[in-house]
Amino acid sequence: MITIRIQSEDFDIAAEIAKLDAENTGAVATFTGKVRREGDLTTLTLEHYPQMTEREIARIVEEAQTRWPLLGVTILHRVGRLMPGENIVLVAVATSHRSAAFQACEFLMDYLKTKAPFWKQEERNGTAQWVEAKYSDDKAAERWRNK
Amino acid sequence: MITIRIQSEDFDIAAEIAKLDAENTGAVATFTGKVRREGDLTTLTLEHYPQMTEREIARIVEEAQTRWPLLGVTILHRVGRLMPGENIVLVAVATSHRSAAFQACEFLMDYLKTKAPFWKQEERNGTAQWVEAKYSDDKAAERWRNK
Amino acid sequence: MTLLYFAWLRQKIGRGEEQLSLPAEVKTVSDLVLFLKKRGGGFEDAFADLRRIRVAVNQDHCGFDAPLRDTDEVAFFPPVTGG
Amino acid sequence: MTLLYFAWLRQKIGRGEEQLSLPAEVKTVSDLVLFLKKRGGGFEDAFADLRRIRVAVNQDHCGFDAPLRDTDEVAFFPPVTGG
């Protein structure tokens, strides 16, 4: 089962994993990205490109499915204003064996970070600033090109 | 925070992740191992070496802490009789950044699989058989030696 | 065609969306950028450094050499930072 | 010393634990295995192929060359299969 949702509300990881469960699941890897509690960070606001986001994430999942035998994938991404400590993103992958679960989960996160049309704006001391894309995220996604 | 528990009861992944949460957590990677629903598999029984298990897992966690800056680690492993579809093991790792979370979570699983004193016995069609250790698990653990 | 601007591009340009009849001289995304920069002001500022800009045509990532038609939806945005 | 047997070793030997006074000729784990195999029956069967057996002394994984003292806890088991 493939679930992709963009939402402003929080998510319940245990419930999402339960829904993901398939007949032959032996391994479930999850990744949760959270707003770090940094000294002066007061809010994080996520903007996205609604017409494109789910399509792009669906393409990323299709690419993962050509690489690993996935029994289920759930990708939830929040948008709007988030507070320090809140969840931003959940990627959960169910497979028969653990190696595929870990690899697919990391692949999906690396591609989400570099392909899915979301933009973060941080507010610190009353000043809003767009987060710059990280070179390390591009490098992380590039690792998968020749695999 | 480091949590290591060996128990016969199931666990609640969301509650475990919530407990794991630390000030500066930006990334939480989890792995859940489950009993696969295979045609003729009726039960899986896990035996362990109680005096050694928690100590050995604590050593594995210490080894991980020397490799990555971990904000929190939870390892729960069930023992006793389990049914197809039930959870066996949970590894959850909280870090500031995602790469460390993925790597540490996979490292902990690879080491658990080859170092922690648990043994699985499968029952199929009324016949109990001890599960053989897998060469692929040894190989997976060996990958970390020179890293 | 529909033009969409996101994140700091939207802020510099002062709007997130506009409708435009494909100008005769615009064959590619690059041509469109040149056309928009000629408007000056926020557009010139927003498109000053193309290395900082990504583009999607009809919700597909593409390069600045992608050809354009009047029915296209063209989106300009900074490198993505979600996840 | 305390001897512990797990999984199929426990089943072949017919018990999971025993107390033993360290025999004079036993200096290492290898010596202990030879001593136990001489008992015959389940012990001979259990220790037939040492490549299939792992050992821990005082809850630490170790090799068959590890030295033994009378106060040690020695555990024999197959390669682990948890997780």
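Letters A, B, C and D name the chains as they come in the text, with residue numbers starting at 1 for each one.
Convention: a residue touches a chain if its C-beta (ideal position, glycine included) is under 8 Å from a C-beta of that chain, and two chains touch if they have at least 3 such contacts.
Remember, predicted model here, so these are calculated numbers, not experimental data.
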* Which neighbours does chain A have in common with chain D? -> B
* Farthest chain from chain B, comparing Cα centres? -> C
* To do: Would you kindly tell me how far, in whole Å, the mean C-alpha position of chain D lies from that of chain C?
  => 72
* Structure fact -> In whole angstrom, the CA-centroid distance of chain A from chain C equals 26
* Asked: For chain B and chain C, what's the span in angstrom between their mean Cα positions?
  -> 48
* Structure fact -> Note: chain D residues in touch with at least two other chains are none
* **Residues within chain A bordering two or more other chains** => 33, 109
* Asked: Which two-chain combinations qualify as touching?
  -> A-B, A-C, B-D
* Structure fact -> Listed in rising order, chain B residues that touch chain A in their complex are 12-15, 17, 21, 23-38, 85, 96, 98-99, 101-102, 105-106, 109, 136, 140
* Partner chain B, residues of chain D touching it in the complex -> 4, 6-8, 56, 59, 61, 73, 75, 77-83
* Footprint of chain D on chain B - complex, ascending -> 33, 46-49, 51-52, 55-56, 77, 88-89, 109, 112-121, 130-134
